[in-house]
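Two complexes follow with chain A in common, the first pairing it with chain B and the second with chain C.
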Partner chain A sequence: MIPFDYLKPATLEDLLEGLRSANGEGALLAGGTDLHVKMRLGLKSPRLLFDISELAAARNIVEAEGSLRIGACVTMSELMASPLVARLAPSLAEAARSMSCRQIRNRATLGGNIVTASPAADSVPALLAADARALIVGPGGLRELALAELLLGPGRTALGPGEVLLEVLLPLPEAGHRSLYFKVGRRRAQAISVISLAGGLSLAADGRIGSARIALGAVAPTVMRARQAERFLEGELPSAVNLAAAAALAGEECSPITDVRASGAGRRLLVEAWTHRLLQQLCATSGDDAGGNRP
Partner chain B sequence: MSTHQLTLTVNGEQHHLQVDAQRSLLDLLREELGLTGTKKGCNAGDCGACTVLMDGAPVNACLVLAVQTGGREITTIEGIASGDKLHPLQEAFIEHGAAQCGFCTPGVIMNSIALLRETRQPTRAEIQEALSGNLCRCTGYFQIIDAIAAVAASGEPV
Partner chain C sequence: MAIGSIVGKGVARVDARGKVTGQTKYAGDMRLPNMHHGKLVFSPHPRARVLAIDCSAAVAMAGVKRVITARDLTGSGRYGYDVAHRPVLVAEGEETRYIGDVVAMVVAVSEELASRAAQAVVVRYEVLPPLTSPRQAMAEGAYLVHADAPGNRCCKREFSHGDVVAGFARSEVVVEHTYKTPRQEQAFLETESGVAYQDEAGVVHVLSSLQDPYGVAEDIHLALAIPKSRIHIKGTPVGGGFGGKLNTTIQVHLAAMACLAGVPVMLVLDREESFIFHAKRHPTEIRLKLGAKRDGTILAMEGEVISDAGPYSGRSPEVVGLTMSALLGPYRIANVATRAQGIYTNNLDSGAFRGFGAPQAAIAREGLLDKLARELGLEPLELRRRNFLQPDSRPASPMLGDSPVSLEALAEKIIARMGPKPEPAVGSSKRIGRSICFDMPVFDVGAIPTLGKSGVGATVEVHSDGGVSVYAGGTELGQGITTVLAQFAADQFGLPMEAIRVEMSDNWTCPRAGRTSASRLTFGLGNALLLAIEAVRQTLLTRAATTLGIAREELRFVAGQVQSCSAPERAIAFAELAQLCWDKGDNLREEGWFRAAEDRYMYGHTFMAAGADVAVDLATGEIEVLKLANVLDMGKVLNPVMAYGQIYGGAVQALGYALMENMVTKDGLAKTPSFAEYAIPTAVDIPFEFVAEGIETPYPTGPFGAKGIGEAALNCTTPTLLNAIADAIGVELDAIPVAQEHILAAIHQQKRI
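Up next is the complex of A and B:
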């Protein structure tokens, strides 16, 4: 491994100043569960690490101005333990719970999971299905971006040099909104997802589907929204025929590849079957399992 | 490469050390403090053999930089017996044949201590889930789960 220096800026200002003087040679270290592995494999070789794992400006979970705001350096274990996340973003709590193992969850951060930009990143479907936005700070000041626009491809984000993901903003769910998250892996824990999916849905007073959101992980270059399936459902009755047709659309509109975990064709079948299950549970009259349960 | 002054507590004992930036907590424990009970399996977060408690929470020592542990309290397998008296989990592992080659055992025990401190009466499913990040090539896990369940049932403090 190429030698590196380590710095732990005390404040956000110090961090930004440090990144500026590092001139692109620096990297952010949050939980390190992705970065250390890549550095040991020689896939990344930053000369300078900026430890942000305890950066106060990115460590809060608060409800403010119509959003649930989650600091990028909040860990998966903290997401699981947060009453605010349990109430306002239960599918995100479920995604955190489904990820890896306790030792990793105690270190791995939400920001690291997003910026790694893996198509299989477990928190991202729950965030995309909630229309999350990213609050980014950098040399040009603060900017906000839809999370879908931050993720460009495997390992690629729209973050510019010296930019830091500071917070993730989730619009508060409307009353009666339900959300669910499923992870389908080769085993139930400590497994990278074969596919993952998150959904959010609200039913109008007349029993029709108001809004439907479906996000699919590990079946396209980035986590994606199943827009065709969503459009198909909106304004429709949650009938067995409609849910099955929407699930079939989701299976068609994803573009999975074959890798060590599954074949592309197999993933497509899984998307259809699990989207169907997701929609059935979201439309079930009892809200009991809203919030997710494990496959 | 930068070097850093560091004060940390390991198994109740304070250490003042000078560490290189890329030193992992795992290498610090094994190579500088001679605490070789904590094992290095994969060095990549997969196997859990390096599990230690950092301020009470189980972490993979291979994925933590030594320099990040300043001011923190680390507990390793060497720190859990009281003098000659083994920790209840160590006793139970012997009794249930939960250690064969023993390579995974320190990590499993450290993780189990954290589990039992959080959840005094875990179900078998909860024990299984808690151990998902600790790989064992020998036992088939049943004896390990039996040993942990026995300590949970005994109500002995961990």
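Up next is the complex of A and C:
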């Protein structure tokens, strides 16, 4: 590991100023649970680390202006403990809970999980299924971007030099909206996702599916939405046949690879099986279980 | 031998306090004056010719003490158990055989500097295509990993009994299948580590985490031409071994660095280095065939094992041999023809791992028994019971033994412990499967056919204050041998546990005790220690008899005294007696030497039964182990807390083997290079109901009737889980690990047929 300097700017202004003068040689350190690993493996060797883990501007969870706004430096443990998140984005709380172990969850931040841009990042399916947006601050001031547009590929984001992810904005769910999150790992804890998925669904008064949102993790270069399955469901009755057909579509539209955790073909089977389970549970009239299921 | 108050009790481990409070010093915690740090330069290519090694940049770095290549070594430069063909360092002009081969070593003032200097060593390679599967390596014209091993055959074992052709001809039902098992990593917490220095008398001292100080001394002698009288190996507390530290690991490298650099050197492998370096459980392909009569009587078995031996021989001949032997299991099979081969490849190395080849065999055998049961329309358990070895029958196996057969008692016990099979909830997509399997894990009792006899020594010394020291050259790997030996001494001398100190794993202070493997220490070392203790007891008794004026036969050791059996008030305190012996010049330090009798048996057997209930969700493939039970015939449970700890631990490793563990290589490279990729079970993967039990059929020659149990629980636990899953989904499974995707694939496959 190459030696580096460490700074902890007190304010957002100090941080932006610091990043400017570092001239691209600085890196943001939030929880460090991804960054340290990469530095140790020699994949990243920043000269200067800016610790943002306690940056006040990125540490809040609030409901404002029709959104649930979550600071990028909020940790997974904090997401799990937040009553606001439990009420407004239960599948995100479940995603946080599914991650790793307590020690990591106490450090790992939402922003770090997003910016790492791993296809297997566990919070991202829950965020994508909620149509989340990213609030970004940088040399050019503030800008807002759909999360789906921030994530470009494995390890690649649309963040420019000196830009910081400040907050994640989740539009408030409509009344009667339900969401769920599932993760399949090789073991019950401390597992990188073989696949993960999140879904949200609202049923119209006539019993038909109003909107359906399905996001799939670890089966494409970025976390993806299963658009074909979603379109298929919208306006349809949540019949057994329809749910099965939509699940099959999700299995077809993803593009998983084979790695040490699973085969590509196996991942497709898992996507179909778990999308089916997800839709069944979202449509179930009784047993209002918003909590996910941890395989 | 009367059993006193301590043997059989779950007394606390003698090393518990130090480990729990963090006071125990592992090799990596040691600090010596002027201690330097070593770093190994590994070959990045599984097979490549080393063209040139340029150390100049590394040597020029301030703080670098020495950079070492093969050229600097004296002696053969080669080591290895079985065949000493592993180069300490691959020389210029030679070929590497796997990515754990070392081409250079660096000694520097700090760990960080050693690391940077290692990166500055420039090696030019001619990269060559590696052999990455036994099939490829066996093919006509394949290049030879070792020039003297035609067909890349590392070893071959064959066994035949009766007339297998006639056996199959008479069979009414024949089943055959091929099973595949992956490479399993020991996943010990403490990586290979140690410190070494050479003293002014030329003695090389190596303090290191290991399983066999005597084997390490042998290797250092072979490779570096250091006289045996000048090699001192001290085993440090081991943070897990499971067979992975049975071969010499880094100790030859350490000794070479210390001698050539002339300073004390510490070497601690990081996790990635550790994973590529040590030998793991052999990946195997096992074709097995069984023939039986309609009533279930098995008439014939034919088996063919092909194991990936990796680049070096090491333990492969023994392990692969045991895979073959263990194919028979605890069943009567009159006609047998089995064969096993270990094949060299450029993959990661294979060697010893708890179970030592037998777990692979159990997967094939118990899997095929279930298939046979289905063909016969018999309950799997009933089929097994009809073929159990009988108390008077000897196994038709190369693993002859003299342990009383207790399979029926184990069957009764496991049935009782499993209870009624649970039912899934109505309307649930879950199905519940059950399996019960059996095995006869072996332990070394001193006379293994391929190894010859192994004598085991132990020393005991009673000090003048009545305290006791035990010197026993086996190694404490966490299995609890230190505590067991202390229990023996405390019991025999009638002393509290605190009075006993046990010194282990040191080729200088302890009599030769051999390797710590094959679940052999409680039996071998325990027996040796009892012999030593008995000799000292006789001296003490003689002195006490004279002093008290009581016949020796009338005396006993109890409660810190030697006292009269009939009149306990007539006694002498143990400490007082020890002082008296000291004053009178009696020898209170004796060595016991235990060897198996010449013409007896070869193995002891720890008969076992395993049972599992597993729920599988047919819709998602989700697997949930509801219950996992292991029952072992331990002969005598010497310390229930530790004994059951061994069973639980072994069962968890078996569960990992069944459900998630696979050390994947591609083109000879590690695809699961760290714990981020290589998954082992965590606490929440432990079965909901987890049972470990023992029955006790005294083993006549075991200390207090005890057997070796360290490895046993791994044996047939994996197939029990596998068969239970297969039972739940109604589809045969023939490869591990089994994950959700495999369940879904198996169900889909079947739908299509």
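Note that the second predicted complex is superposed on the first by the 293 of 295 C-alpha atoms of A that agree within 3 Å, B and C clash if a C-alpha of one lies under 4 Å from a C-alpha of the other, contacts with A are read in each partner's own complex, and residues count from 1 in each chain.
Criterion: a contact is a pair of C-beta atoms (placed from the backbone, for glycine too) under 8 Å apart; a residue touches a chain by one contact, two chains touch by 3 or more.
All values reported here derive from a predicted model rather than from experimental measurement.
**Student:** Tell me the contact category for A:Arg277 with respect to chain B and chain C: first, second, both or neither.
**Tutor:** Only chain C; A:Arg277 stays clear of chain B.
**Student:** For A:Ala189, using the defined touch cut-off, is the partner it touches chain B, chain C, both, or neither? Pick first, second, both or neither.
**Tutor:** Once the two structures are laid over each other on A, A:Ala189 reaches both partners.
**Student:** Is A:Ala56 contacted by the first partner chain B, the second partner chain C, both or neither?
**Tutor:** neither
**Student:** Report for A:Val260: first if it touches chain B alone, second if chain C alone, otherwise both or neither.
**Tutor:** Touch partner of A:Val260: chain C, not chain B.
**Student:** With the two complexes superposed on chain A, say which partner A:Ala146 touches: chain B (first), chain C (second), both, or neither.
**Tutor:** neither
**Student:** Now for A:Ala81: first (chain B), second (chain C), both, or neither, which partner does it touch?
**Tutor:** neither
**Student:** Check the residue A:Leu269 against both partner chains and state whether it touches chain B (first), chain C (second), both, or neither.
**Tutor:** second
**Student:** For chain A, which residues lie in the overlap of the chain B contacts and the chain C contacts?
**Tutor:** Residues common to the chain A contacts of chain C and of chain B are 37, 187-190, listed in rising order.
**Student:** Under the definition above, what is the set of chain A residues touching chain B in their complex?
**Tutor:** 1, 3-8, 29, 31-33, 36-37, 40, 49, 51, 53, 77, 100-104, 106-107, 187-190
**Student:** Mind listing the chain C positions that touch chain A in their complex?
**Tutor:** Touch list, chain C to chain A: 619-622, 659-660, 662, 664, 671-672, 676-677, 679-685, 739-742, 744-745, 748.
**Student:** Can you name the residues of chain A that touch chain C in the complex?
**Tutor:** 37, 184, 186-192, 194, 260-263, 265-267, 269-270, 273-274, 276-277, 295
**Student:** Going by the contact rule set out above, which residues of chain B touch chain A in the complex?
**Tutor:** 1-2, 4, 20-22, 24, 43-45, 48, 51, 57-60, 62-65, 67-68, 111, 114-115, 129-130, 132-134
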